[in-house]
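Have a look at the structure below, then the notes.
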Amino acid sequence: MSNFTRRGLIKTGATVGAGLAMPTFITSPLAAYTNAPTGGSVTLGFNVPQSGPYADEGADELRAYKLAVEHLNGGGDGGMMNTFSSKSLTGNGILGKKVEYVTGDTQTKSDAARASAKSMIEKDNAVMITGGSSSGVAIAVQGLCQEAGVIFMAGLTHSNDTTGKDKKANGFRHFFNGYMSAAALAPVLEARYGKDRNAYHLTADYTWGWTQQESIAAATEAKGWNTVNNVLTPLATTDFSSYVAPVLNSGADILVLNHYGGNMINSLTSAVQFGLRDKIVNGKNFEIVVPLYSRLMARGAGENVKGIFGSTNWHWSLSDEGSKAFVKSFGTKYGFPPSQAAHTTYVQTLLYADACERSGTFNPCGVSEALEGFKFDGMGNGPTEYRAEDHQCFKDVLVVKGKENPTSEFDVLEVVEITPRAQVEYSADHPMFAGGALGKCNPGA
Amino acid sequence: MKTISKADMRTLFFVAIIALFAPLILNPFPTESGWAQFNAGYPDLMQRFAIYGILAIGFNILFGLTGYLSFGHAAFLGVGSYSAVWMFKLLSMNIIPALILSVIVAGLFSLLIGFISLRRSGIYFSILTLAFAQMSFALAYSVLTPLTNGETGLQITLNDPRIFAAENISGNLPVTSLFGLEMRDTWTMQLGAWDFQFNIGYYICAIFLLLAFYISIRIFRSPFGMMLRAIKTNQTRLNFTGINTRPYTLAAFVISGMYAGLAGGLMASMDPLAGAERMQWTASGEIVLMTILGGTGTLLGPVMGAGFIKYFENIFSKINDTVLHGWFSWMPDGLENVIVWILHLFTGKGWHLTLGIMFMMIVIFLPGGLMEGISRIGKWWKHRNAKNNNTSHTSSTPAE
Amino acid sequence: MGILTVQNVNKSFGGLKALHNVNLDIEEGKIHAIIGPNGAGKSTLLNCFVGKLTPDTGTVMFDGHSLLGIKPHQINQLGVSRVFQTPEIFSELTVWENTLIPCFAKRDGAFTLNALSRVSDNKDMAEKAEQMLVDVDLIDKKDMLASSMSRGDKRRLEMAMCLSQKPKLLLLDEPTAGMARADTESTIELLKSIQKKLKITMAIIEHDMSVVFSLAQKISVLAQGTVIVEDVPEKIKGHPKVKEAYLGEAQV
Amino acid sequence: MDAILLQILNGLDKGSAYALIALGLTLIFGTLGVVNFAHGALFMLGAFCAVSLQKLMSVSKITIDPSQLDFLGKPLKVKTPYVVEWFGPKFGNAIIDWNVPLAIIVAIPVMLLVGYVMERGLIKHFYKRPHADQILVTFGLAIVIQELVKANFGANPIPTPAPDQFVGSYNIGALIGLDASYPYWRLIYFAFSAIIISSVFAFLRFTTFGMVVRAGMADRETVGLLGINIDRRFTIMFGIAAAVAGLAGVMYTPINSPNYHMGMDFLVLSFVVVVVGGMGSLPGAVLAGFLLGVLESFASMNEVKGFFEMLYLPSIDQIIIYLVAIIVLLTRPRGLMGKAGVMEE
C-alpha cells in the first residue's frame, strides 16, 4: 500500500515485472498539487458545449479561449492584456511556461461535462478547467474540480446557486447572476413602465429558472409591482402557445420570461405571435421582459426582440478601452464581434493566468488566494472585484433592449443603462445565496 | 459440479485478462506523441467502459434473450445513481451500502414498471417503458428536485449528515472508498515514454464487470435462459407447454433492471454525482444502440458496443483543429488545410457525425454487430491457416 | 364419465353461432376423433378446451377440473397438450432444446427461477429428451435449428414435445394436414404405438377420413356448431345424418 | 370558455404537427414495414428547405459605404440582396417576405427526391432485417443528417418569419360569440395540415394507386402475385411520406424558429402518438396526434395544474403525454385503432 498515494494522481516511479529488461526509473519529486506542470508548458482545459442546443455559444467561447491563449503566449495584438490594470502578464506564457490547451464537449449535460473534465484532468494533466454554458453543468464541474484539486473558472452560468448554495473554494465566477440581473433591471423597468404593474411570470422548471424568478419577483415587488402568477414550464416545451394564451385574460400587463436559450426564443416568439405587445391592459401597454439576454440566442427570435428589455453581462458595443481592445482583436481574427460568453471566458482565462503570475505558482491554493478579494479594471465591466467570501465577481451590469433598427446581423441589442456595481451588490449571507459552504481550497495531491 | 463450460471459461478468462491489463492495452501510444490522443487508458474512461459494459450485459439479458425491447432502461440507471448518492450523503462514503441500496431500489423500481409494462408486448411494451422513463426524467428534473437536485444533479456536500463517517475536519469533500481504499487512488507507472495509470476505482468496476459477466454466462446457459430464448421465438407454444411466460419476462426485466441499478451505483461511486439526464430517452436509446451495435444476444457483444460508443464520445470529441494541424503539420500548407478542413467535420464538435456513420456502416455491413465482424475475422483466419497447413503439410496437432 | 366432458357449450361471435349446445364425452385411454365439414366449429371447440376461447355458456371439465377461465399454461399443467395445425415449435432453438423445454416445464411447473444451474447439468432431463427424440426418430437432427427442418420433421418434433410431457390428454389439430402419403402413414403408426405404449387419451380433429378411420375408436360428428352423431367408427360410416351433413356441404 | 377555446386551438395546432409526422411514420411502417427513426430528421429537413431558400434569397451584393462604420471602425459593407437589386425594393422585399410559402413549392420536389433516394439507397435493403436493425440504421442516418445541417447552419435557431400579411391575430372566437384572438399563421397551419391529411386519405381511398397500396399494406405477397409492381409504388409512398413530413416542417418554421435538433424533439413524441393511435392505423395516428395535442394544452392550464396538484400530481403538464399513453395502452391493448399482430412479437 505504500506505493499508493492517498490523493489521486501523482506520478511515482515503478518497477515492472521481470520480463522487461532495465525499466526506466523516473522518480518525480512529490508534487504539492494536482497536475503540477513539469515541462515547459502548462495545459488548460476548455470544456464547452460543442453539441446540443448551446453548441454555437460553445463555439464562440472556444474562439475566445484560443484568442486568450494566443495573447498569453505573446501572439496577436495582446487584446485586453494591454488594458488590464494588473501588469504581470507579459506575453511569455504563464510563469514562463507556454500555454497549451485541450478541448472537450459538455453536451450541456452534467454527466458528460464531468466525464470530459475528468479526462482533461486525468489524461491531459490540465491544471485548470473552464467553460460551460449552463448553470447545471457549471455547478457539476465546479464540484468535480473541488474534489480533484484544480481551479474552475466558470463560463456562462447565471444561477444564484453557482456562487450561492453550491459555491466551492476552487471555483470562480466572473459572470453575473440572477440577483444582479434583477437588481439592475428593476429600477429601469420602474422608470419605463411605472410602479403599478401586474407581472405574470413564465419560468423554466429547473433550478436556474426558479432562482431567477425569485430574484426578479423580489426586486420588482420592492418597486411596487404585483406578481399575478408564476407558471412553471417544462424544459422540453417547444411550443409555448398553451402557456402564453392564458396570459391574455389574466389581468397582467407585464410578461416576464424566465427562459434561456431555445426556451426563450420559442416563448418570446409565441408571446409576440399572440399579439401580447399590441394589447392594452389596465390602461397600459402590455410589455414583455426577458431578464437574461444572450445576443447569440436573441438572434434566433428575429424581429420579436425589438424593444424588449433585459440584462446582459457584457456587450460588444461598449466603448471602454478594454472592450474596444477585445472587440478589435476578436473581430480582426474571426470577422464578427464576440458574444458575452466569449468575453467572460476570455477574461476568466486572463484572470487565471494573472493570478498564477502574481502568486508565483499554479497551486490552486495560491491561485485562489491571489484571486480572492482581487480588484481590477480594464476588462470591460469597469472596476471589478472577486469577492473572497463567495468567489463572485462584482461589477457593472448592463441593461439592454432589443434594437429597433439594427444595422447588421450582430446589432441586435442596444445598451440602455450601465447599472453601477454598488446597486447590484449584496451581502455574502443574503438569503437567496445561503445554504452552502465554500470549504477550503483543495490542491489535490 | 462445474458451473460453466470450458469454452465459457475461456471467454471469461479472456475478458479477465483484458480487464486486468486494460491500463496497458488502452494506452498503446507514448504520452508525448501525437497519437496519444487516441489513448483511452485513463481512469475515468476505463471506469466508464466497465460500467457501461455492466449496463449493456444486463440489458442484453432482457433484450437479447427475450426480445423485449425496453426503451426506458436508463431510468433504472438513474434510480441506482440517486440511491447511491443518498447513501453517501446519509451514511458514509463506503461504496458497499450504496451499491446494495442502488441494486435493491432499481430492482423494486423495475419490478413495478415491469409488472405494468409487461402486460403488453412488442412495440407497445417499448412505448410503455419509454413513457415511464420519460416521466421519471421529467419529474426528476423539476418537481422531485428536493430528492434529485434537479438540473444540477445530486451531489455530496460538506454539511451532509453522514452518520457513520468520522467528522470531517479537512474542509474538503470526502471521497468514496471501499473500507479505506479510495476510489480515486491512482498509481502511475512511467515506463519509457509511456504512462500507465492503475486506478483502484477502475479495478473495482472491473471486478464487478467480471462478476456481472459471469452471472450472465450462468443465466445464458441455464434452463431459465433457455426459457427466455423460447419466449423470443414462440410464446404460444411456450404457453401450451405449461409455462407461464409473464413471471419469466418479469424476472428477466428485474434482473436487467438490477444490473442497471448496479451500473448506476458504480457510476455514482466513481464520481458522486447523479444527474437527471441519465434517465432521458437518449440515454435509454444509447443502451439499445450499444447492444445492437455489439451483437444482440451474444455474451461479449454488448460490452464491446458499450466500449465502442464511449470511446467515440470521449476520444473523438476532444480532437480539435489544433490537434489536427499538429498531426498534419508536415504537409504543405495548402494540403494541410484541406485535410484538416475535411477531418474537422468528423472530429471535435463533429464527433456525432462519425458516430452516426459508424452506426450505419456496422449495421449495413455487419448485420450481427461487432461480434459478427470478429467471428468473420476468426473464420477468415482459420480458413487461411487451414489453407497454409494444407499446402505446407507442416501442421502440428493443435493443442486442445 | 370420461376424462374430458363438455356440456351444453355455446359460443357465438357477434351474431354468428359457432357452437350450439355441444355435448361431448371423451373416454380415458381412447382415441376420439372430431370430424365435420368446414365451418362446423371443430377448431372453435378445440380452442375452448385449451383456454384460447371461453364459451358463453356451458362447462368443460377435465379430470375433475373446470377448464373455463384458466390460462393455457394452467390447462397444460393439468395434463392437456396440443398439436397445432401448423407446427408451433421454437424455430430459433435447436431440436434438442425444443424437446428439453417441455421436460423442464413438466418438472419445474409454470415458473421456476432456475437461473444458475446449467441446462446440461440436468441429466435426468437430458435423458428424457434424448429418449423422446429416439422415439420420433429425430435423434440425428438434434443439433439442427428447428426452423431448418422439413414440415414433416417439424410435426414430429411438435408431437415429441407434447408427448415428452406425458399428457393425460393430447389434442391433435389435423396432425397430417399437408403431409405426403408416406409421412401420413408413419404418423398414424406413431400415434398408434404411442397410444398402445403410453395409454394417452387423444382427441383428433381431422379431415382425412382414412386417417380418422384407421385411428379413431370413437367419432363425434360436428355440423353447424352442434354434435349430430357420436358413435364408434363402424356405425358412423353409413350414418344418414353424417351423409346429409357432408353432402349438404358438397352441394354448396 | 374563451380560455378553453384557445386551448383547444393550441391543442389542434400542436396536434397538427404530431399528426402529420405520425401519419408519415405510419405510412412508411404500414407499407414498407420499416420503423423509420429518421422521420424526425425529414421534418427538420423540410424546415431547413425554408431556411435555405431564405439564405439563397438573401445572397447579397456588397457595396462599401464609407459614411458608416462597422464594429471594428472600418467602412461598413452594405448588403443588398440580389433579389431586391433585380426586382426593385418593393417586389424584391415582398418575395423575401413570402419566403415560407414559396418554400413549400421548393420543398415538395426536394423532399420527394430525398425520400426516393433514401428508400432506394438505404431503406430498401432493410425490409427483411429485424426491426432493431432498422432502428439502428435509420437512427444513424438521422444523426448524420442532423450533423450535416448543424455543420452548415449552426446550432442556434434561425428565425424564418411568416409574411407580414399573416402577422397578427384574428378573433376566431367571435364566430361563435366568444372573444378569442388567435394568430393567423397558426390558423393557417391547422388548415394546411387538415388539407394535407385529407388529401393523403383521399389519395389512398379514391385512386387506383392508393387502392393498390392499401391492398399491399394488408397483404403484400398476394398483391405481388397479381403481377403488380408493388415495390415501385412503395417507393413512391416513401417519397410521399417524406414530403408530408417536409411540408409539416416548412409550415412550422414561423411558429418556432427551426434548429438542427428539432427533428429529435418531435421524433419520440411522434412515436408515442403512432403507438397510442395503434400501429399500422392511419386514422389512429391522426386521431392520437390531435388527442394528445389537445390534452397537452389543457394540462398546461393553471386550473388543471392546480387540480392535479391537489391530487398530489404536481407538474401534470410535464408528464401528461406519457401518462395518457400508459393509460391508453393498458386499457386498449393495441392503442386506439391498432390491428392485431402488428409489431406485437
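A few remarks follow.
All chains are identified by letter, namely A, B, C and D, in their written order; residue positions are counted from 1 within each chain.
Note that in this section a contact is a pair of C-beta atoms (placed from the backbone, for glycine too) under 8 Å apart; a residue touches a chain by one contact, two chains touch by 3 or more.
Being a predicted model, the structure only gives us computed values, none of them experimental.
The minimum number of touch steps linking chain B to chain C comes to 1. Of all chains, the one whose Cα centroid sits at the greatest distance from that of chain C is A. Among all pairs of chains, A-B has the largest number of C-beta pairs in contact. Comparing chain C-alpha centroids with the centroid of the full set of protein C-alpha atoms picks out B as the closest. For the pair chain A and chain B, the distance between C-alpha centroids works out to 33 Å.
Taking each chain's centre as the mean of its C-alpha atoms, chain A lies 74 Å from chain C.
Chain A and chain D have Cα centroids separated by 35 Å. Look at where the CA atoms of chain C average out and do the same for chain D: the two points lie 52 Å apart. Of all residues in chain D, those that touch two or more other chains are 315, 318. Of all residues in chain C, none touches two or more other chains. Residue positions of chain A touching 2 or more other chains: 51, 55, 59, 205, 232, 234, 236.
Chain pairs recorded as touching, per the definition above, are A-B, A-D, B-C, B-D.
Residues 3-14, 16, 20, 23-24, 26, 50-51, 55, 58-59, 62, 66, 101-105, 109-112, 114-116, 118-119, 122-123, 134-136, 139-140, 143-144, 146-148, 161, 166, 169, 205-208, 232, 234-236, 436-437, 439-440, 442 of chain A touch chain B in their complex. If you check the complex, the residues on chain C that touch chain B are 50, 71-74, 76-77, 81-82, 88-93, 97, 100-102, 104-106, 108-122, 161, 165. Within the complex formed with chain C, the residues of chain B that make contact are 1-5, 218-219, 221-227, 229-230, 232-234, 236-245, 247-248, 251, 255. Across the complex, chain B meets chain D through its residues 67, 69, 116, 119-124, 127-128, 130-132, 134-135, 138-139, 142-143, 281, 285, 288-289, 292-293, 296, 345, 350, 352-353, 355-360, 363-364, 367. On chain D, the positions that touch chain A within their shared complex are 2-3, 6-7, 10-11, 13-14, 17, 68, 70-72, 76, 150, 154-159, 161, 167-169, 181-183, 185-186, 255-257, 259, 261-262, 265-266, 296-297, 300-302, 305, 315, 317-318.
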